[in-house]
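One chain, chain A, appears in both complexes that follow, with chain B as partner in the first and chain C in the second.
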Partner chain A sequence: MARMKFLCDAERCIECNACVTACKNEHEVPWGVNRRRVVTIKDGDPGERSISVACMHCSDAPCMAVCPVDCFYQTDQGVVLHNKDLCIGCGYCFYACPFGAPQFPQVGNFGSRGKMDKCTFCAGGPEDDHSDNEFKKYGRNRLAEGKLPLCAEMCATKALLAGDGDQVADIYRERVIARGFGSGAWGWGRAYPGSGS
Partner chain B sequence: MSGSIVGLRGILAVLVFLFAGMVVTPAVQPLAQNATNVEGNSSQQEFWQKVRRGQTGNVSIPDTKAGQLIQSEGEEFRALRNGPVTVYGAQALIASILLLAVFFILRGRVRISHGPAGTRVERFNGIERFGHWLLAVSFIVLGLTGLNVLYGRYVLLPILGPDAFAFITYWGKYLHNHVAFAFMLGVVWVFVCWIKDNFPSRTDIRWFREGGGIIGSKHPPAKKFNAGQKIIFWLVFLAGVSISLTGISLLFPFQFPMFAKTFAFLNMFGFDLQTQLTPMQEMQYAQLWHTIVSVFMIVVIVAHIYIGSIGMEGAFDAMGSGEVDLNWAKEHHALWVEKLDREGTLHTVAEKATGETRAQPAE
Partner chain C sequence: MRPVPNRRSRLAAVFAVLAAVLWTVPGGDAAETAGVSVGGGQKTGDAPGGLNKVLRGHGGPVKSIALSADGSEALTGSFDYSMIHWRTGSGTPSIIRRFDDHDAAVNAVRFVPGGERVLSAGDDGHVRLWNLTSGELIKRFEGHTFKVVSLGVSADGRYAISAAWDGTARVWDLKNLAAGAVLKGHVNSVNAAAVSMGGEEVFTADYNGVVRAFDISTGELKRQIYKHGWGINVLHALPGGRRLFFGGLDGAVGTLDLVSGKVGKLLSRHERPVLSGVVSAKHNLAATGGAGGVIQVWDITTWELKYRHTHPFGPVWSMALAGDGKGLYFGGLDDHVAYWQMDPDKPFEVAHGQVPRRFQQKDGMSPGALQFARKCSICHTLGPDGSNRAGPTLFKVFGRKVGSLPGYAYSDTLKNGTFVWNEETIDQLFAQGPDVFVPGTKMPLQKMDNAEQRRALIEFLKEATQEGG
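After this line comes the complex of A and B, so read on.
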């Protein structure tokens, strides 16, 4: 069984934010919620780099570990999903996540954050595949359609890769060899410890 | 004159530049294998190290906090919350209840040595009792809903199943967030009522030396509050304020950061704490401290409930009806009874009732 992973090649990302837009449009994500974002380090200075980041679907996910109602689950493909019917909106996953992935639809006074929302690796949620409920709560289930996450599919420079971790690693390795240098697979050390990249 | 100096400096600068270029160029050469001339491998390690340590970049969305690519503090939060806080907290709670049970079996109920006198004196008036019960009831609600957030996943979830457990935890959270304000009012209320009787005094030293009379049948004298009660008072006040403040910063996320300032204050007393905290770290510290102090206070209050109910004969009346047996008062708060007697305000409840109906003589 494939182990799904994201990889953003910082040498290719041009901060076009197409991944962000694609994600918002595909899943009809509400205002204020950004499942994916592009961060630019040293913006405008020599050596500037951009990284597109969302939920990394960690092997040992901190959000799962701290959730008081245990609403998270990990699929056999390694995708970390959660059940919005169980979520109480406490925000602990947001405090624990290294990548800032969990999002809340409200500002949060008096604990009124609403249900947590995050990247699903385009794999929906616990509802029936392709059901209206699944789409409303979690967005499109592209994995069930045999497709990969739209953010990566849309990426014009192919900076953002998504799919089977071994294949993603192979593509990136080829690039690093061809270029003669690489920034390392950003975030992999944290998200997938022991994956060797 | 000044022009020639500038000119001289300019020439020098050009010479230095050329010289430096001659020296540095060969050293740069091997790194220029990178044909695209992108600033590449030489600076990469340092660059990614900074990112790994939480460097913040720019994002095109309004939430500037999202500019942090990776925050390792989240993992410390997880490790502390799921580790020591959960484990030691559970051990402390279980140990305190077991110890009290063992104590109850060994010592039994603290009786009124001379038996009840039958006459009663007022110990706490309605205002005092209202404050106490406001604080007590809100604390129990907050304690139970809070413990559910920390331990429910391990204790209740397997019994109730995910749906029922999520339902009660969801409404428990709302209860917790709103009853919190009753608790804050209660803390202020009892503080105002009892601060004047809770300053340390010399009688406290003897009370401590004699172990509060809890072992054996001796009763060290005490004023309105004995030293043990004074400790409870100050713990409730200090911990109550601390829990309230961290609770407010959890209720209004990122609006009330207070740990950087607290750490800076503590550093004046020789601590070496971080004073530059990210908004996220502020929330993590608030959450952890709120939990630690709350679990500590639950342990303290379990003991307080024990001694105020099954642990001691006649003690509950003080907060129940507000009227205690005279012999109980003489045994546990001898100096308080003496003071009332001296001031001529020691009236039994029966005397008071008749006294009020009797016309007061004009003075």
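After this line comes the complex of A and C, so read on.
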């Protein structure tokens, strides 16, 4: 079984935000929520870099460890998903995540803390595959259709890679050899410790 | 099939785990050092080695800590919907008063300089001003539409600032008890807010790592000071009025020059997000706590790293320097506030490597017990004395009229409810969700679609909530 992983090659990301737009469009993500975003560091200064960031579906996901209501689970492909019916919107996962992935859409109900929303690796959620409930709560289940996340498929420079972790690592390794330097795979070591690159 | 332990052995195992956690809190040597006897018949300080500095009384994780100017009193805010006022001078800490009138978790607490007033704010989006002596709620400031995560107060006690995940920060006039300016322009959540040393400006930090300066009177955006890229969670004004102290999602810690907008000092970073921080002009110290449990303390003149501590049980969400500047209170996922004696540093002995908290249990329980531990225990206890969590104790819940347990601050919906909790109503509560079954309840929206899991949970509750259960 493939172990799904993301890799963002910061040497290639041009901050076009196509990944962000593709994600929002594919899943009809509400206004104010960005399951994926592009972070630019040292903006305007030497050493400026942009990195496309979303939930990395970490091997030992810190969000899962701190959730007080056990709403997270990991699929047999390594994708970290959560059950919005169980989520109480406490925000603990936000504070645990090194990628700032958990999002909290505002809701109108008094006393409600809302439900956390995040990248699903285009793998839907605990509802039946392709059901209306699954789409409303979690977005499109592209993995069940045999497709990979749209953000990576849309990436014009192929900075963002998604798929089987071994294949992703091989592609990046070849790039590093070809260009003669690495250091672009931001977050890989943190999300998947011990998996090399 | 996994053998199911009987009820008594299950509870004994849970208590053994909890005791193991409690007995490995830093500061364990402090009682011997201070010569303070331990015990006293309450939960505080009855563990081997003495835990005389530990603040024990909340029924949920502690998200915020503040100490009075002289360090003799403390405030803590918790997931259990309460703020507690503590006596923290010499001797064993004790609870002075519990402030229960919140509709959701309390994320931020503050003393207001120059009086006996304090502030609390949290997930319900309200900022509350209290009289500390009488316990009276002076004013509930409303305006935020989402959770408030940070509070700041001007040095003269005139203004309070709240930062919220609705994308705004707000100014509250504590003299006239009126709403002040709304600080807009943030693209996403505002994670931190601080008032300038002179009291004229408010600084905010948001999810996108942008630090802005606003006029405290008019709310006018004066300038964007800095853009970090990664979110900034911690922001404090430094003495002298020319720099800010910040900590970010990427683990970065540093100072910002308010004039140039450049990073002044970049300090030793945390490997995980920075979640808490404190600056003390009195003790010339600044400290940060991270998601990985690391606490770092610097001298704010030389920026030498003076102390470093790793809390082995997870994130440090809140912190406050002790009155003598030689120790630090900190809170995280546990129900108590721990104490770390920095100077002289005391060894920290970890008796157990990775002790799961009650809501982190993964096995060794029946399916129903596991459902309760993983999904309900953060808010509810099962025994007769467990009323201080976010929800009421479930002791003898079967046959109890809704909203009728004395001492718990129910919502009007439940107070006015007429039905009785039984297998059917509890099943419907989780099948439909609290927002549908009892609209207006303070209970978070939570459903369990799986009928088998609901049945297992109810079977467990029927047994565990009985007298002697």
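Going forward, the second predicted complex is superposed on the first by the 190 of 197 C-alpha atoms of A that agree within 3 Å, B and C clash if a C-alpha of one lies under 4 Å from a C-alpha of the other, contacts with A are read in each partner's own complex, and residues count from 1 in each chain.
Definition applied: contacts are C-beta pairs under 8 Å (C-beta built on N, C-alpha and C of every residue); 3 or more make two chains touch, one makes a residue touch a chain.
Remember, predicted model here, so these are calculated numbers, not experimental data.
Overlap between chain B and chain C is detected when the two structures are superposed via chain A. Using the contact criterion defined above for the overlaid structures, shared-chain residue A:E11 touches chain B, although it does not reach chain C. Looking at the shared chain after the overlay, A:Y95 reaches both chain B and chain C. In the overlay built on the shared chain, the residue A:G47 is in contact with chain B alone; chain C does not reach it. When the two structures are aligned on the shared chain, A:Q106 is found in touch with chain C, with no touch to chain B. Contacts of A:K115 after superposition: chain C is touched, whereas chain B is not reached. In the superposition on chain A, A:V176 makes contact with neither chain B nor chain C. Which of chain B and chain C touches more residues of chain A: that partner is B. Of 8-16, 26-34, 116-124 or 152-160, the chain B stretch that intrudes into chain C once chain A is superposed is 152-160 (criterion: clashing C-alpha atoms). Annotation: chain A residues 34, 39-43, 62, 65-70, 85-92, 95-98, 100, 109-111, 113 touch chain B in one complex and chain C in the other. The touching residues of chain A, counted against chain B in their complex, run 11, 17, 20, 34, 37-43, 46-47, 49-51, 53, 62, 65-71, 83, 85-92, 95-100, 107-111, 113, 179-181, 183-184, 186-187, 190.
Across the complex, chain B meets chain A through its residues 33-34, 36, 38-41, 43-44, 47-48, 50-51, 55, 57-61, 63, 65-72, 74-75, 77-78, 81-82, 148-150, 152-153, 157, 162-163, 165-166, 169-170, 173-174, 176-178, 251-253, 280, 283-284, 287. For chain A in complex with chain C, the residues that touch the partner chain are 32, 34, 39-43, 62, 65-70, 85-92, 95-98, 100, 104, 106, 109-115.
Of all residues in chain C, only 61, 79, 103-105, 123-124, 145-147, 149, 165-167, 188-189, 207, 227-231, 233, 249-251, 272-273, 275, 291, 314-315, 317, 333, 359-360, 374-375, 378, 411, 433, 435, 440-442, 444-449 touch chain A in the complex they form.
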